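After this come two complexes, each holding subunit A, first together with subunit B and then together with subunit C.
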Partner chain A sequence: MANVVFDDIQKVYPDGTQAVFDLSLEIEDGEFVILVGPSGCGKSTALRMVAGLEEISGGKMLIGDKVVNDLSPKERDIAMVFQSYALYPHMSVAENMGFALKLAKVDKAEIDKRVQEASDILGLNDYLHRKPKALSGGQRQRVAMGRAIVRSPQAFLMDEPLSNLDAKLRVQMRAEIAALQNRLGVTTLYVTHDQVEAMTMGDRVAVLKLGRLQQADSPQVLYDRPDNLFVAGFIGSPSMNIASAKLIKQDGKIYVELDRGQTKLHVPDAALDRYPKAADLDGAPVAVGIRPEHLAPPNEVGPEQVWKGREVGLVEMLGAEMLVHFKTQSPPIVTDDMKAAIDDDEAFEELKRQAAEGGQEFVARFEPGAPPKIGSQIEVGVHTEHMHFFDAENGLALR
Partner chain B sequence: MSTTAPAPAPDATKEEPALKPSKDEGDGSSWVAKLTLLFVCVLFTIPTFGLLISSFRDPQAIRQTGWWTVITGGETFSLDNYTTVLNAGMGESFVNSLTVAIPATVIPIMAAAFAAYAFAWMDFKGREFLFVIFVGLLVVPLQVALIPLTRLYNTVGINNDFVKLWLAHTGFGMPLAVYILRNYIGSLPREIIESAKVDGASHFATFWRLILPLSVPALAAFAIFQFLWTWNDYLVALVFMTSGAEVVTVTLAELVGSRGQDWHLLTAGAFISMVVPLIVFFALQRFFVRGLTAGSVKG
Partner chain C sequence: MAVAISGVVAVVLGVGGALLLFWGLNAVVERLPKAQEELLKPYVFIGPAMAVVGVFLLYPSILTVWYSFQTRIGTPNQEFTLNNYVYLFTSSELRDSFINNALWILVVPAGAVAIGLLVAVLADRLRPTSEKIAKSLIFMPMAISFVGASTIWLFMYAWRPEGVDQFGLITAIATGLGAFPSEPIIQNTSFRLNSFALMAVMIWLQAGFAMVLLSAAIKNVPGDTIEAARIDGASELQIFWRVTVPQIRSTIVVVTTTILILVLKVFDIPRVMTSGNFNTNVIANVYYDLAFTFGDRGRASVVVVALIVLTLPFMYINIKRFREQEAMR
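Let's turn to the complex of A and B:
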């Protein structure tokens, strides 16, 4: 086991397109780090550079304090789990798992022992003699994991290993992989585009956008203190409500102006402690963000934090919670950052359409109860102490 | 977890449903297709059938009437033609033909598989260019190579007839072999090959332990082609077989005589020489269609 260090890593393809810019990231020994980002953000490329499947154009890559830039995958002593599992179709499960050891000319008895250990851990004992063709998706996934485990490598690299599974199995395997990593304590680098996977599995999450590292931190910090609009919009489901607004000072208190000046909500000092730069702005346009769970019934907040006269657009009853979509006149932020964060062209077009109309829908997460009627007017309490503030121009958090 | 879940196989050897017949029974066009197919099959089979009947007829009768007249009956059949052919050295020719055809099939397959792997999965300068040149050689008729090749053999000093034939057939077969095998090997999933790299496999180990076993359909398809071609070859054998050793096709031609006067013997000889290709074809035919389509259609 070893640490993995990206030191100012660059990746430029022969045609001149740059996939990874100045990536510096240190993964400690035994740590589970997730690389997450929308498609095309360079996360897989970064992972493949660790594996040695992609040439490194600049910077230094270290595994266990050894520079590996020019080493072949074989010499790097890492194991990789691929999205399609990449099992060898003509070999049995046991042969698949023992293949790397066989190539390394490990003793047959030792191979059998290690394959057996791995299959005990993964519950594959009944399938050792089957071909991959005769296995279900989840079992194949386990074999791919087993192939990595038997090698006791310096690090595990996983490239979207769960995206070929159906939703239910994915949740199960998510927990299994996290538990397994925890048990084995092997340094793991895990790539996914699914921010739920990112949040639930890793010790630390590195968010990438268009080849640049945006923020690398523990899931909770990413969620609570996003460094920029992209991270704010990308992490969390349903995602953070983000709108352009103004901060104004009145009677020594700070207010946020929503609905293009028609609504004014008080911002307590707690929020400004987290975003000190926001306190200096007076009348300047900002991007404000509020998570759905920080919108509440009006009786839970102070009188100056109630957003009145909101029209209900849609109610989603999810059993444990109720998502209420309501209309606002606060224009959304339409930037490349937001486009990348949404990572869905259709959804972004819809946002643009709403922007053209001068408003957007916010989503509030309420306790389940009697759902408000669609089209009715409600009052929404805003926990402005949890509000996030970003520079309207460059999207950086106002800290 | 169910053990029989029909999850889609992301592996290389999965069956390809590309050529499934359409189920439009009521559609008139399918009947037209079937009738056309039947017609073509019958058309192609009739001469062979005629040949088979002729091979049992009396030489005199063959010269006087067509084979279809046997339908009216009254004619006697015998194995005389077969006995004559087998006594005329056909047995030895069989051994010679096999001695030519088997190495002339195996050598190009091995060489072409190596080349195909390199063209598909190894990065080197001029890869595309070399491949185009290689496949471009398909258009060169082999006849133009016969004289240069004879001279080359003399210069280098290759005197063994069999070696000459093996090398000639290998050379003539390579372009097609490389083309078919490269297409197939190139369509194997990239992740499997990368996974082998990460597992510590060298190029040779990847080729030997993964590519070869996974390419069996394409190898078999090409093996059929090459074997049939070398078995049925007359020209190359005639040019390079200088000693008394003769292959089946050459023996057959001699049986018929210089003016074709003994062509009743050809009927029996043709059927005897057909036995081996038929065995090869039926042994490998299950790979045939799969091997060819799998190379061209990405699975």
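Let's turn to the complex of A and C:
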């Protein structure tokens, strides 16, 4: 086992397009790090550069403190799990798992022993003699994992290993892989576009956008203290509500102006302690963010934190919680950052449409109860102490 | 010119006639009541083809088997005999031909597949335009008839006495290297060298066919499995033999058996290049001589029956493989 270090890594394709810019990231020995980002963010390219399947255009790649830029995949001693599993169709499960050892001329008894151990861990004992074609998606996924485990490599590289599974199985395998990684303690780099996967599995999550690292932190830090608008919008489901607003000072207190000045909510010092630069702004436009769970019934907050006269647009009853969409007159932030964070062209078009109409919908996560009627007016309490503030121009957190 | 015109006329008449036949039959059936029309319609289209196969393939085959048990065919003294089969199993000329055919079977499909595979693999690594050019060059002989190819290679192997300028490319190269052959390659029977020289023509013709199918199969091998093997520590050669080849196995079998069936029927090349002399004779050529030179239809038939029996297992394998492949799509 070993650490993996990206030192100012660049990737430029022969046609001149650059896929990865100045990527520096250290994955400690035994750590489980997730590379996450929307499609085209360079996360798979970064992983393939570790594997040696993609040439490194600049910077240094280290595995176990050894520069591996010019080493073949074989010499790097890493194992990889592919999105398509990439099982050898003509080999049985046992042969698939033992192939690397066979190539390394490990003796037969030892191969059998290690395949058996991996198969015990993964529950594949009944399938060892089957061909991949005769396995279900989940079983194939396990074989792909087994092929990696058997090697006891320096590091595991996983490229969206769960994206071909159905939703239920994905949740199950998510937990299994996380537990397995924890148990084996092998340094793991895991690529996904699914932020839920990223949040639930990794020790640390590195968020990429268009080939640039945005932030690498533990899931909770990413969630609580996003460095910029992209991370704020990308991490969390439903996403953070983000709108353009103004910060103003009145009688020594700071207020956030929403609905193009029609609504004024008090911002306690707690919020500004986290965003010190926001305190200096007076009347300047900012991007404010508030997570759905920080919107609450009006009785839970102070009188100056109640957002009055909100029209209910849609209610989603999810059993354990209730998502209430309500209309605002606050214009959304329609930038490339937000577009990348949403990673869904249709959803972005919808946001643009709402922007043209003058406002956007916010989502509030409430305790389940009697749902408000669609079209009725409600009051929403805003825990402004949990509000996030970003520069309206460059999207950076005002810290 | 006249030949060209009659060729065009033949094509127009042939295609036009077939069109007219189907159109006419269809028109007739469509006038029938609905129930009968639906009953008859499939046969209108499948019928002529079945009739052609029956009259020109099935009937002659049965007749051939029948003839193989007859002697003095076509004369008033025609009668049943087993002598043709005695000839089949005792003639030394036939035995030599069978040995030659066996050599062709061993060498040609393997040679064509090996070259086709090599070109397919190497071309796969070229840039797209270079790949197209390289493949076109290898594929081009496919468009040449066996007789044409044999003539071309007769020139390649052409031999002049020592001291005279050699215009046969291969003889010229050998002479240039200081290894002037004392007799034409085509006549050199030591180690059946001349038979191998004939086989080279067939390999030259069929390598392109093998390459096209194998190249398509190689492109179908998922790139992920190759990358997985690379990460598993396989060298390029190991990837080829242990990951690529097993995944294109069924195509290799189909290509091999297809060429093999073609080789079983080989006739044109020995006929044109040696007429079966110098110990290069093959079964089909023996048949030709028996049937058309000596007019012995009984013996000719027995040779054909032997050829059909030898072909059957390969046909069976080929069709089975083909079905498996279709089922996998």
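Here is the rule we use: the second predicted complex is superposed on the first by the 399 of 399 C-alpha atoms of A that agree within 3 Å, B and C clash if a C-alpha of one lies under 4 Å from a C-alpha of the other, contacts with A are read in each partner's own complex, and residues count from 1 in each chain.
The rule we apply is simple: a residue touches a chain if its C-beta (ideal position, glycine included) is under 8 Å from a C-beta of that chain, and two chains touch if they have at least 3 such contacts.
If you're wondering where the values come from, they're calculated on a predicted model, not measured in any experiment.
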Room on subunit A for both subunit B and subunit C (clash or fit): clash
Touched partner set for A:99, first subunit B, second subunit C, both or neither: both
Touching partner for A:88 - first (subunit B), second (subunit C), both, neither: both
Subunit B versus subunit C as contact partner of A:163, first or second or both or neither: neither
Broader residue contact with subunit A after superposition on the shared chain, subunit B or subunit C: B
Subunit B versus subunit C as contact partner of A:116, first or second or both or neither: neither
Touched partner set for A:18, first subunit B, second subunit C, both or neither: neither
Which superposed partner A:138 touches (first subunit B, second subunit C, both, neither): first
Which superposed partner A:10 touches (first subunit B, second subunit C, both, neither): neither
Clash-bearing segment of subunit C, relative to subunit B, as chosen among 6-14, 24-32 or 240-248: 240-248
Where subunit A meets both subunit C and subunit B, residue numbers: 51-53, 72-74, 78-80, 82-90, 99-100, 103-104, 147, 151
Partner subunit B, residues of subunit A touching it in the complex: 51-53, 72-74, 78-80, 82-90, 99-100, 103-104, 126-127, 132-140, 147, 151, 164
Touching residues on subunit B, where the partner in the complex is subunit A: 1-5, 7, 9-14, 189, 191-192, 194-202, 205, 209-210, 213-214
Touch list for subunit C against partner subunit A, complex: 222, 224-225, 227-235, 238, 242-243, 246-247, 249
Complex contacts: residues of subunit A adjacent to subunit C: 51-53, 72-74, 78-80, 82-91, 99-100, 103-104, 147, 151
